[in-house]
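Heads up, there are several structures right after this.
First subunit A sits with subunit B, and in the next complex the same chain sits with subunit C.
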Partner chain A sequence: MSISVSEALRPARKPALIGVVAVVGIFVGVWINDTYFSDRTPVQPIEFSHRVHASDNEIPCQYCHIYASRSPSAGVPSVAKCMGCHTAVADARERPEVLKLAGYWDRQEPIPWVKVHDVPDFVHFTHKRHVLAGVQCQECHGPVQDMDRITRIAPMTMPWCVDCHTEREVENGRDCWTCHK
Partner chain B sequence: MSKISRRDLLQYIGAGGVGTGAGYLFAEAIKRPVEFLIPPVVPPEDYSPGVATWYNTVCNQCSAGCGISVRTREGRAKKIEGNPAHPVNQGRLCARGQAGLNALYNPDRIRAPLKRVGERGDGAFETISWDEALTQVAGRLGRLKIEDRADRVQLLTGGIRGHLGELFEQFITLLGSDRYAQYDFTYPANLRLANRLSFGIEHLPYYDIANCDFLLSFGADYLGTWLSPVHFSLGYGQLRQGREQRGRCIQIEPRMSLSGANADEWIAAVPGSEGVLALGIARILVADGTYTGSDRDAWQRALEPYSGDRVAAATGVALERVQQLAAEFGSSKASLAIGGGAAAAGTNAVASLVAVNALNHLAGNLGQPGGIIFNSAPVFGSATRHAGLTQMTELAASMQDGAIEVLLLHDTNPIYAMPDAAGFADAMAAVPTIVAMSSFMDETTAMADLILPTDTYLEAWGDDAPEPGVGLPVASISQPVVARVYDTRSVGDIVLSLARRIGFELPVALPWANTKEFIKDAWKKLYTELDPQADAADFEEFWLAALQAGVWGRVEATGGPGDAPAPSTIPDIDAAAATFAGDTAEFPFILHPYLSATLFDGRGANLPWLQELPDQMTSVVYGSWIELNPATAGELGIRDGDLIEVESPAGSIRAPAYLFPAIEPGVVAMPFGQGHTAYGRYAQNRGVNPVQLVALQSDQQSGELAWAGTRVKLRNTGERARVVRNDGISRTLGRQILHPEENHA
Partner chain C sequence: MRSEVDMSNVLDKLREYSKPGYYDEFDYHWTMTIDLDRCTGCEACVVACQAENNLPIVGEERYAEAREIKWIRIERYWEGEFPDVKLNFIPMLCQHCDEAPCETACPVFATYHNQDGLNTQIYNRCIGTRTCAVYCPYEVRYFNWFTYTWDEPLEQQLNPDVSVREKGVMEKCTFCIQRIRMAKDNAKDDGRRRVRDGEVVPACVQSCPTEAMSFGDSNDPDSKVSQVMNSPRGYKVLEELNTVPSVIYLKKVHDDV
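The block that comes next holds the complex of A and B.
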């Protein structure tokens, strides 16, 4: 009498195969979500293009993000700041997205931009330190000047931060208290 | 390879589909919630987002007048710290000061002007506009003025100091009334009267705890609630550790307070006998030749009755102990006696405090470092309209008689902080119009017909000269640290706009557009009269410098009028025995209420941080409790946590028992502060109010409510009540840590 393991397992084969298919399905599901429904590139209330502003018109980053070198947060420009130029830039005035902006201004409403880059609340990240240390905006934010809709390039996770701190030999760069306090 | 049947294929597709769906949902679930970056429409001028801005202003949680620095971010107050430049608190701050943020952002603040719609006290109000509210009030006041009946307007506020008090004063005078009273439960009226009787100076002197070698405190909880606790805590630290010779502290009180716990020795004298003890010590100082003044014989005669035996019998302190205290008090290089707390709130309070003053005089402590140093009068705006029980009872009678047509209230809560028997609530019912200028719906505000919501102190302009002063002229400007949170106005603005609307000579005499202009104008006077040699180039620079620093002071001008005024009290020196309301046989226990270091006289009860802060001595949070000695409890068969009915001749309340070894048997203690029937979600219906046990008795000389002069009886209801506390149990479980025989159950 021969004993065959595969024979013994035969009844379990089909459920196992179904399980494998389901697990593969889970990965496929996660991939689909990550690729086509990712929150890295959210739809913004106004289809604002960094490419048009930073690349085509060569506006420096800190012209709009004015607090980057003196505050933990870089700052999103106020509606007044946007209007400051857009009242003057005549040929752009009738574009639908600019009209949206004008609408916010007329209603004196802030624009609810969706946050793309974020770190958890227990991380004390500050733009000021990084900008003053000469880190270029693009090193963390990617080639923003080429993006029409802003997208997150870097994972913004702790290993990613620490890698850079290690590579640049940042003073106390690996100390817990540098970021978590 | 076997063929896959159609049925199997469908199963695989199903499994794959379910898996994919699950994977998709999983990925969706672990995404961070969407956050928004909402920029301002117009960029802020006075801050950068993310960068903290600190504003210096004045704390208003008690009357010490500490300077505070408030950290703000994006126009929101985040944290309050002490202002390091302010001489009162020197960068430190107490819990009450820290909790000021809870007042600013309190969810139960009154957010818009309210008009009563239901019966008075029902709590039914409708929101009205500021314009309507001010027009109504101004119309009512203006009509009374036209009819020449403006003396029927009564203004009742809390203990307001600074120029704001003067504004109120001017307003009510211009209106044609002299009815302005300040009811502040914690105002040291007895101490001020005693100082006037002893020294001829009513404003509070500087008690130099920092430099004293021997501090004898008669009931004054100087680390918790007495006059200026943060400053005295600093002084205590200096006394203990800040110098080569460590000073000694003795605390005389029937129930151990925070200061008692930090003293070298705690002496539980019979309640109300503090003055006798002081004079007993004084007699020894005169008899043994420590006092060498020319009027020594007169003192000797005056103190004759306070012989050792009599003092020992009256105070319950052993004769040798009194002699030791006298020897130490007399021989210390710098000794200091202070009186406060329950010792300054009996029927003999002023006499007791005069006795303490006499003790200081005889030991040569007046005008000496480490003793009592006389301040010059506060730079401006001392609270002078204080109303004690006598005046408040008179006011209640006037209201009952219909002599008051309009009652204007601000920042005072007599319905809570006065015994019901005083009849203030009933008398308010007889007043046709009650207008409350208030930030919170407290018991008194709830009775108003019209409520004008006021800014908290963190949103308003004002100023303050601290009292007790610090030996040199000091004053601070109070400035808004954030924009108003709700549709409120500062009380100064309300008074000024009322003046404009009433007309007559009021807008001419009170021409300022707002409180800021008024305060600035007042400081212009201070600049030209008091500090013409200031470093500033002009007033604007002076003003900005004072605002920025949070304090103005003149260092060179120390000392006060006459360094050691001669006490003129020898003929009348007499520590009358305290009388207690209630028959000794029927009410065997003396009630010892005390100011809570957190909720104070109850004004802090609506601040959640203070509610959840454990009491320093008992570790209890949130509720009320009644402290009694384990020996007393044993006799009555009361266990820890039993619900006790406490009955006095004036009323009765129920609270759980807390067995507290550091209280004299025969005395039961309760903190003030809880037992609100209104005042927002954190205060309302929590604990009981011991003021309602206090019998209507006043000090014989000052007419102040003698809140420590009531007897009570206890009855165990047989019910159990939960006392929320952090200390676990007070027993050492046979480990004999405290003393060998300690094993009480």
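The block that comes next holds the complex of A and C.
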């Protein structure tokens, strides 16, 4: 009397099926979480569009982010900086998003922008060194000029930093204390 | 049948791997000299270090448990019998040994020797086995037994260039590596590759009222520290352990000798 392999595996079928469904479910769940619920594309207090400013109107990055080449922080422009242009631009007080900006200006409040690109407190990062070394903004921040709402493209993780330092052969670029503090 | 093992190759490998940090030559070799003849034991360096490097005030109880954290401390040595006693001070800080025993001990390579001859500690990587503190003959490694907090508004005075350490992490003197990094940064802005002598001043050296300490690159023969360290009074603490410290003390001279 003989017994087939499929017959022998019959008791294991149900657990195996459950296992496969669970694994697929985990992957789908992670994907859904990553796509729809991640903090990579937070909703900002004003629907500011980099596409309109940087691409359509061709404003250079460092016109607004003025500290990028001389400070650790690139700098978020002040409301005054925004209003400097928007009082002069013809349709300044017509569009709803610009009206929001004008509201902040009238109340003399800073705009509570949500930070998209952040590194932990134990990381020493300076925009200055990177900008002066000729790294383009888009290499880390992605095609910002094509984004309406800013999305974080880069993973901002240590291997991501180290890979670039290795590729470009940065002097002492792989020493821990170059970036850690 | 196995061929004979080439022992010379093995020894070469052993020598290579047992060298902390894998550097034969250092880019800079940061060195400190401390003139004990000038040290008055005022502890200004201790306070300066505390302010610069976000060291916690552990409090009386923790201090009694010998869990204080001071990257530099003033050790007192009494000489002679009462009433004919003399008091000697030795500021003791991480010696940044070129053959550091602590570096060989760390299971996760949280402490290592970098290209500037600094014995460095990566807080994120540290898992708190405290082996390094056991191996350190100078007892200058400090363990965070607790997460210390700063009451408002004292947290505003924390140095943003130095991370605030948490519970379970070993820490020690870094020769104010954030200032070294800043000096290198400024040098790059000026289009220089090298930092000039005197541009890097750690907090303790800066605060010393009698200028007993000096700090610089001993690879540069013209630097102040290179000249001071060749003094006939110069010695290294526990030199016989072959740790090759980067801190050179200048002996105190007694007038009655």
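Following the convention adopted for this analysis, the second predicted complex is superposed on the first by the 162 of 181 C-alpha atoms of A that agree within 3 Å, B and C clash if a C-alpha of one lies under 4 Å from a C-alpha of the other, contacts with A are read in each partner's own complex, and residues count from 1 in each chain.
Quick note on the criterion: a residue touches a chain if its C-beta (ideal position, glycine included) is under 8 Å from a C-beta of that chain, and two chains touch if they have at least 3 such contacts.
This is a predicted model, so every value here is computed, not measured.
With subunit A as the common reference, the superposed partners subunit B and subunit C clash. When the shared chain is aligned, subunit B comes close enough to touch A:27, but subunit C does not.
Judged by the number of subunit A residues each one touches, B leads among subunit B and subunit C.
Once the two complexes are laid over each other on the shared chain, residue contacts for A:73 go to subunit B alone; subunit C is not touched.
Contacts of A:99 after superposition: neither subunit B nor subunit C is touched.
Contact with subunit C, but none with subunit B, is seen for A:129 once the two complexes are overlaid on the shared chain. Of 61-69, 259-267, 277-285 or 691-699, the segment of subunit B running into subunit C after the two structures are fitted on chain A is 259-267.
When the two complexes are laid over each other on chain A, subunit A has residues 126 in contact with both subunit B and subunit C. The touching residues of subunit B, counted against subunit A in their complex, run 8, 11-12, 15-28, 31-32, 34-43, 48-51. Subunit A meets subunit B in the complex at residues 14, 17-19, 21-34, 37, 39, 42, 67, 70-73, 75-81, 104-105, 108-115, 118, 126. Subunit C contributes residues 27, 112, 114-115, 118, 120, 122-125, 161-164, 177-178, 181, 185, 188-189 to its touches with subunit A in the complex. Taken in their complex, subunit A has these residues touching subunit C: 121-122, 124, 126, 128-129, 132, 172, 175-178, 180-181.
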